[in-house]
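Could you have a look at this structure, given as structure tokens, before my questions?
Chain nomenclature is as follows: A, B, C and D, assigned in order of appearance, with residue numbering initiated at 1 for each chain independently.
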């Protein structure tokens, strides 16, 4: 009888994939790198923080296998667990850059960001995504979603960045968990108690139809291992995160003003031929096209007057207001958007793919230039879109396209400077902002930086809102305010004196000057990655202490 | 000597009179579905002994619902005899004062209300019987006036097909048909030709097509997904330390995850011990889906079943070498014969329980719940008059006694702490309090200490039959009693002595490595795996569906 | 499908819960009792406010649900919730429920204006809790075993210092949780016997009507449709333990497979999940979904 | 979460470190580290409050039967005493494997 892979725990899964008993676990349980943030909140930690990293071979090819333990805290990514993945992938990247081929294999079983460490999860996931984009230049990054938890949240965005995804029919893959969609959008949008609906929408069998995963295999150690090996040997890559034109033309052909049936979507998908889609055109007009903090800052930073985009929620424009010519990007609300879950400035399907399209256009335009234009990202995104259509089509793929495009530009030498002028939440932030080389933030109490609304976090973690707020007093990463966010070391510059979100001359000048500094800093250090996030002074002292510990440990053990 | 004059056929006359009242409603033996209440009111008299068929699985639900709708002024003070009290209306007829007295065996699904109604005097308790006592007494002093039963199909003449779910229907019908009782049958379907005749028309008085097929519960399906490593460890110990040790050939498994684990380990762990063909060949067993891998890999020679199991029909039909299948190709179950076989004809009974006292008496009755018994008391005891020559039976023989005889193996398998993190071992069984509350003659013990030969916990096996005194017996239970208050009374010294004497064995004594107790050892880990083993013949009901 | 309407009792109240209650209900209460319900934090210390507020919260939701043509197959209310249940099965009218509850609360408060409360112990069996209560009993600071919410969740009622002592002792005997509840009176124990006597003539004046479905009794977990039995249950439940655990067992045995928990909170839904798991009974919580979405769910799953 | 600490006088040193289990629902992980002392220390973090006495009993029974000397770390997510004892004895088997 076949030996189930799904049944195994993370460590067993890793060992099952590797050629017999040749694995060497790195930063394992005996290193006792536990999550202090969990202990501080009265939650039992695990000695490996839910991540198993092993070096070894598959089919005699060198691999690093990384697996999430789904039964520990839903496989959520916190600081330590995130840092283990980041450190492992960093080493894998270095090895490949040095001509030593090593394949990263990632076994996903995760709800995404670990809500008890929220912002650490978001930071880590963006850094993991960046490394995957970099690694794909050398080797395919293979993802396996065996099932139990499946792959959700920010880690689904990560999954869409991977070259090739293998699952069993026991897996589910989606951005927002059913309970969160229900909480945010109501039970009529998505009934989280309706198992048929859930599995028919985001279960792996449908996900193959929807081209969101690449291969469905039977649940056995043998079949998963041979699928992984084949993907490695054949260097399989579906280029899922470079697919904007395909999806934009597809979305154009669909009526998404109401829930689509699964059959009609599948049919549309089969029949669809990718077409190139025109870029959005932004023109000035007499009256503002919308009202939002992000829109105001887009105007202020580009100097455009009442700009109006042919894609009502997505803006970009050249600006001469900085020391160098830059391109400014923004996502804004459209209260009349036919995509009814994307009316308050959320990042939805169109927004993710459009941003990717725009960025790819810039990439191509600058491809042969010695100096790549900086991108200034205006960040005011209240959340990703929570909706049924969004999950059916695969909003995480849209967000991954945007994140991948930002990462690609940065890695090609475009300084990406994010300016947090409004909310920076969850998947929206991962898609639009967190791939920035440097982040700058205003000090307004109206700004929230988080992974999930308090109401949803309360439902998922089974804690009351009062309990969550009390815990935030102890643990800055789960706070919602920008002052606490600054403590994590994630900001290049915290504009403490700007305590409102207005585009007053003083405010705008301060931001422009901070952006100029940031661009110069990136240029000076030739920095194309995100390491500055955890190597700066605040991060080393208090914000990312565990990340640095894990890095040091991994450095010690990788070559041991 | 002057012989008094009397009529010898009063019951027959009375039956004829009753049936005459509905002659205008009858076409042959048939009455219309919508006439059933009138029919019941005419045929059942106040004070009648009525058997209402509620088995473990099959329920005469149309007739029970209809009985609940009769006029209590016409029909009342019924003395109900039911093997299983399973449905709300089984109690509603007492609330409505249609019935007043009950004799039953099992009330798992209605145990709280049964307990309340007996306490409140709404239900007068005859007795709680083991199955065989109840069936037996249908022919002694609980002879029914009317029986209300269910069949799958009837033909025009009134012959019945009960098929897979024959269970106790023929026995109930027989008790009435040959003693001038009235037999009323609900049928799912009327057909021209039956697949086979399970009950002849001559035993049947009234047939009524039901509005809906009778209620049928899948009671014996355990999803392998929920089997834990502890259960696997205990199953390994049982296979090696009991099945192999005693050479158990014929047996019954109680229902539960513990026994499901054993069934799923036979083709893997059992095979690795080279036990195939040597143990567990002949079974009396409900058709547990978890037995499929053992059947498919050639472990099982025969299975006789008490009842059917939803979803197993096609699989069983395709395995007539194993199951009891009629010429028509469908299984016939028989609870009475199964119970007899389980009591008299097997080497071993093994099952779980909810409470064990310090002497090893076991009960599934807990506070406020008068659940009665399933088959366990019949299977789980050693009939004193039995004489058997199988190796397993003989292995328990007292060698010092010239007239000594063997014994049936009666094994209880429990984790020391239950799911609610409370000890399984208790000083006093809840059954005692329930006895007091309900005014029962006997405390509702399921299996008596004197019959229990082995107890298996996650810590080891206690071979209780080897204990020479009550104190030693208790020490043996304590030695495998974990950290329950009883277990904490066991010292290292006591354990060592008991191990030395072979009265207690730990996994290491059996050569079992605890780390091997993994789910990957199960021949099937999911319901899907069972379907695959069965070549797609097993069709799990919706509630066991695995989402994918 | 068999649908049960479930109504929570004291302890479920949350500051701000009256905000969503239509003003006509608040005015009706005022008209009947003269009591002005004001949703101020300090009022949540007062059992009269709490009881009337919970009643109106539950009954206003009930009216909305009834407008959507959802009918119960059985009803059960926990303690004060029993009055909502009695309204839901039409045994008493809204106005009469308000009258009785107001009278009941005033009498309870008068009997124990301060210094008394209830506590909850999780993780011990009823026998174990009874033992703790017995071992720590002190005539001067009396504490009694009260409600059985599920097999491992029981409440105790009595004088505050006594409660604290008993709760501490329960902790030492391995209770998972042992804490005071937001209930400022010692309900459901013999300390309320005089209150029962005082309420008797009042409740006897109320007209009871034939019920539309069975009602589950607080005092002994039985189901009944007998209005006089319901009257006695509503009267005596203040002085007797609520047999919630048994009520839910009986409901399950009667075929309950869908529950609608009325606001505020989700305590009773959580108890159902703890007792029966999350699969066998479908639960709909009105506080979580609102009446409209709850109706949508009811229609979808019924 | 409760953090509990226990100490036992023991006699049999262990030769290597071992790790078993997962901190998932109803389960726990156990790590054993060798020590030079003739005692065992056990640090328990458990998500189920109120079981300190049961933990003491499980450990006492374990060390009574297997008097090893080790520094032990346990992270528990609601395991029953049976599962705790299983994992402890599985750790013992892993220790024996090497020998």
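Criterion: a residue touches a chain if its C-beta (ideal position, glycine included) is under 8 Å from a C-beta of that chain, and two chains touch if they have at least 3 such contacts.
If you want to know which protein each chain is, UniProt gives these names: A = Malonate decarboxylase, beta subunit; B = Malonate decarboxylase alpha subunit; C = Malonyl CoA-acyl carrier protein transacylase; D = Malonate decarboxylase acyl carrier protein.
None of these values were measured; they are calculated from a predicted model.
Student: Would you mind telling me which chain pair, A-C or A-B, is linked by more contacting C-beta pairs?
Tutor: Most contacts of the two pairs: A-B.
Student: Can you compute the centre-to-centre distance for subunit A and subunit C, using the mean CA position of each chain? Integer Å is fine.
Tutor: 46
Student: So, what's the distance in Å between the C-alpha centres of subunit B and subunit A?
Tutor: From the centre of subunit A to the centre of subunit B is 56 Å.
Student: Report the inter-chain centroid distance for subunit C and subunit D in whole angstrom, where each centroid is the mean of the CA atoms.
Tutor: 44
Student: Using mean CA coordinates as chain centres, what's the gap between subunit B and subunit D in Å?
Tutor: Distance between chain centres: 41 Å.
Student: Where in subunit D do residues touch two or more of the other chains?
Tutor: Residues 48, 51, 54 of subunit D touch two or more partner chains.
Student: Which positions in subunit C are in touch with at least two other chains?
Tutor: 123
Student: Subunit B: which residues touch two or more other chains?
Tutor: 421
Student: So that we know how the chains sit together, what is the shape of their touch graph: line, ring, star, complete or other?
Tutor: complete
Student: With touch defined as at the start, can you tell me which subunit B residues reach subunit D in the complex?
Tutor: 228-230, 233, 415-417, 419, 421, 457-459, 482-483, 487-488, 491-492, 495, 507, 513-515, 517
Student: What part of subunit C is in contact with subunit D in the complex they form?
Tutor: 123, 171, 174-177
Student: How about subunit C: which of its residues touch subunit A in the complex?
Tutor: Within the complex, subunit C touches subunit A at residues 282, 289, 293, 296-297, 300-301.
Student: Inside the complex, what are the residues of subunit B that reach subunit A?
Tutor: 267-268, 293, 519-520, 523-526, 529, 533, 546-548
Student: Help me check something: in the complex, which residues belonging to subunit B touch subunit C?
Tutor: Checking each residue of subunit B against subunit C gives 88, 91, 109-113, 116, 120, 367-369, 420-422.
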